[in-house]
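Chain nomenclature is as follows: A, B, C and D, assigned in order of appearance, with residue numbering initiated at 1 for each chain independently.
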Amino acid sequence: MKRIGIIAKTDKAQTVEVSKELIPWLKGRGIEPVIDEGLGALLGISGCCPMNQIASKCNMLLVLGGDGTLLAAARLVGATGIPILGVNLGSLGFLTEITIHELYPAMEKVLKGEYETEERVMLSARVIRDRIEISGYEVLNDVFVSRGSTARIVDLETKINGDYVTTYKADGLIVSTPTGSTAYSLSAGGPIIYPSLHAFALTPICPHTLAQRPVIVSDDSVITISILSKEDILITHDGIAGPALHYGDIVEVKKADAVIHLIKSPYRNYYEVLRKKLKWGER
Amino acid sequence: MKRIGIIAKTDKAQTVEVSKELIPWLKGRGIEPVIDEGLGALLGISGCCPMNQIASKCNMLLVLGGDGTLLAAARLVGATGIPILGVNLGSLGFLTEITIHELYPAMEKVLKGEYETEERVMLSARVIRDRIEISGYEVLNDVFVSRGSTARIVDLETKINGDYVTTYKADGLIVSTPTGSTAYSLSAGGPIIYPSLHAFALTPICPHTLAQRPVIVSDDSVITISILSKEDILITHDGIAGPALHYGDIVEVKKADAVIHLIKSPYRNYYEVLRKKLKWGER
Amino acid sequence: MKRIGIIAKTDKAQTVEVSKELIPWLKGRGIEPVIDEGLGALLGISGCCPMNQIASKCNMLLVLGGDGTLLAAARLVGATGIPILGVNLGSLGFLTEITIHELYPAMEKVLKGEYETEERVMLSARVIRDRIEISGYEVLNDVFVSRGSTARIVDLETKINGDYVTTYKADGLIVSTPTGSTAYSLSAGGPIIYPSLHAFALTPICPHTLAQRPVIVSDDSVITISILSKEDILITHDGIAGPALHYGDIVEVKKADAVIHLIKSPYRNYYEVLRKKLKWGER
Amino acid sequence: MKRIGIIAKTDKAQTVEVSKELIPWLKGRGIEPVIDEGLGALLGISGCCPMNQIASKCNMLLVLGGDGTLLAAARLVGATGIPILGVNLGSLGFLTEITIHELYPAMEKVLKGEYETEERVMLSARVIRDRIEISGYEVLNDVFVSRGSTARIVDLETKINGDYVTTYKADGLIVSTPTGSTAYSLSAGGPIIYPSLHAFALTPICPHTLAQRPVIVSDDSVITISILSKEDILITHDGIAGPALHYGDIVEVKKADAVIHLIKSPYRNYYEVLRKKLKWGER
């Protein structure tokens, strides 16, 4: 852990304060912080590293912010495989399960090598139009295809490993990793999937057919979604819009080659995070 | 029943055939059919009546098509209060609960005065921007405010009769009549509401907070939805898009002055339609 | 308000302390407290009033406890129509929406006549076996018929006003008032119904047919549930078991003659209680 | 395939007719049918094989009946690992995905070795009271712990691999295999899990806390459920009741050693069965 990259949510009040303390703290321990340009600008530090190069220049990534910040970082880090520690500047996130109060004790442990990582599978989503790939993304949470600004119901012919599943008539369809199961998929009626399970969820959004419940399949599956609606359809990757989809476009979703190595919190396990985030105390 | 208006779904194969039989059948019974221009064009009959005038020129409206055709007709008929008979050119609809095979026996009964009507409440939805009303619609099924082509989650501050309910963080919010309860609201998790109940359903679409379940209130309620999201938001009235909504716009939804008088099927009651449409035989 | 009945949850630590302060407080204002025998025993006061007579001996009922305590009190008070104030000894209930900290300021208002009541409809449930009524209960929340200790699926042929609805194959069926809509019915997938709406919810419990969603009907409806399963079936009234049901038994549920007059909290409306109880802050 | 066991649903009209044709058909192909005693009694054949010995005396099991018949057979066959072919005497089942019309063509293929099997994981459920195992079952669908005839809500402290998950306050908790995901778990709100996925579903039944959604975990997990309610609680194994549970009892659920080898239908895949059974045509 000679070099630790730092990516932070720059529109968060605490970021400056925390970073100004953290950077000398790291240096004092012989670590060279590799600061993201965005954060550098905020701190008035020049010569920082562009976000898309940061992963290749460090042994570990420290993300200060919320789950959204970590999702963005994950897309950059994917292929490099360096471990990521997520520190939540608010309360607690599903991905940023270290609170700000735990930052230094957690870092102490990490620097001593006293940590475990958990592999988080990513999804690769490609859009194919007239046999040509027109877009490709890798995401940690989910890909969804849904009605755009006009239509309500879209027709999505769905296959898994080439086998026809159904043609959803719905607001849309979410393909989610276990990591993404507690995000949009959960709001749409999907289950909670333990992070390390080798599975994807297909969760239709407001399906016309009430019995079209979420389907959980192996993460070795290749899911193809053919657009059978005429109007412009959205595809969204961890919240990032892709190209407008047309009749006949095919979205192919499968496991990405890269996996994310998330450093686990030494202070709480997955179920504790679930209970806190979903308020599983009394009703 | 001297004059009966006829509105039909013109892109349905059966329409011409059925109409060519129906029109002389009516004339033979001394009824003057008042034919909608769209249908007239299809049949090659000139001098027909524009759709928006038809209701004022007849004592009853016969709708041939599906529920969508009837929803469109209802918007035209609202204020006149004439009874509507819905005949489904396919199998059976929630609003068009006479099958094509029952057309003539049902009409015989209607012409003899052997029929009952059921009042169906409509919703009035107005959009207010900077204290000025920028749109107003009356609908039979539902009004919904939802994310447009960009954002996923919209923030909708919702009040009922001036009392703050909550600020939904969701894909959107549906306000539905009992008639609309078996349409979009049902797909979004809402209950089935008996058509004559004096109630509206507020059904959030994929709410971030899982405990935000549908709320059923009196149809005397005034529901106001304030848009607290920056991005363009959709409002849709029985499937018809209204103006793009902005931060600060207020949508006010309440019972419309007009009600629809639907002629009830002599052959089946509401629950039979439910069982057939929702396939309440075995799983 | 000369005589105020007091019913309390006796296994709650706070009860003695609160009562010992409340009783002299009332007397000091010229009010005669009519103390329930159970509470009297706890306080060491003799000559108190049996619970089933208390309603006829006072002008108002004060309930100290939780929603369960108030449900029990409601069954006693039904016919008399005296107003009830619910004070929650814990945090806040759907029916006991006055907190213990608000007890005295709320009582001051009540004694000055500065209060509003809200009518809450009750359900009457009768079991008919071989044309003879074998049980009858009135409840404020819900009646449910469900599998007992052996079978999983029960067959419940259900009619509304004599019209066949369906034969539920399910764990059971809940008939709920608006008041009960936030209790068991909500857990089983039912909607939230505003307390004053004239409606009942029929909520099937784990129905085999996934499209059998809750149905909301007018509270003028008569609901009959015929038991078509051989094994012993449970009927439960606000949590109180009735007779074991057999094949052929008929449960008839309709609006009770009596209504409950609940004194509304001057400090919060229904939606605030909803938000607190269902944790409608962030997910 | 020298010896083929035959187990049949004996209260089904078709059973005799089908068996009387099937048995000589098999003999004519040099196969020795090993007939279950129950079926033998129905056919008037003496010297048949007790059901619990049948698996050890044949190379393959043919089950005539519905999914329930196959579940029962699976419990007998578990350890032996012989392949099972399920033939549905009614229409089609999730486990009996060969229709009666396909019986002989399917058997021709099987006898030629032209078939694939699919492994279906089973659950082992043990009840431990005062450190002593008081019951043990292996099931193909699900185990559930639920309220018995009195209480509504049970308190179930649940751990996965020793990690505390939550204490469900609910009607009960289902632990389901992928095979069982389309049975009771689906009615209780669980997802559909592809049969070969290495996962279990924990589906609470009507949980008091609305955000307690189904949780999907690896089938390597050990799930322990501690009964924290005083009243008698039910445990049910593929519909078979176990001992009445008491406060302090622990139910331990994990993957069984045995797996079932189900012969796949040559005529349809899993998704086709899903579409037919769940009526995924139009709403």
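Operating definition for what follows: a residue touches a chain if its C-beta (ideal position, glycine included) is under 8 Å from a C-beta of that chain, and two chains touch if they have at least 3 such contacts.
This one's a predicted model, so the numbers in the text were calculated from it and none came from an experiment.
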Chains touching subunit A and subunit D alike, please list them.
-> B, C
Do the two copies subunit A and subunit C share over half of their interface residue numbers, or under half; same or different?
-> same
Sort the other chains by how far their Cα centres are from that of subunit D and give me the top one.
-> B
Where are there more C-beta contacts: B-C or A-B?
-> B-C
Distance between the centres, which are taken as Cα means, of subunit B and subunit A, whole angstrom | 40
Rounded to the nearest Å, the gap separating the Cα centres of subunit A and subunit C is 45
Using mean C-alpha positions as chain centres, tell me how far subunit B is from subunit C in Å, no decimals.
-> 36
What are the residue numbers in subunit D that touch two or more other chains?
-> 186, 208, 210-211, 213, 278-279, 283
Complex interface listing, subunit C residues touching subunit D | 148-150, 152, 170-171, 184, 186-189, 205-208, 210-211, 232, 234, 236, 239, 241, 278, 283
Would you pull the subunit B residues touching subunit D in the complex into a rising list?
-> 210-211, 213, 277-279, 283
Contact set on subunit A toward subunit D in their complex = 160, 163-166, 169, 181, 186, 190-194, 196-199, 201, 208-218, 269-272, 274-275, 278-283
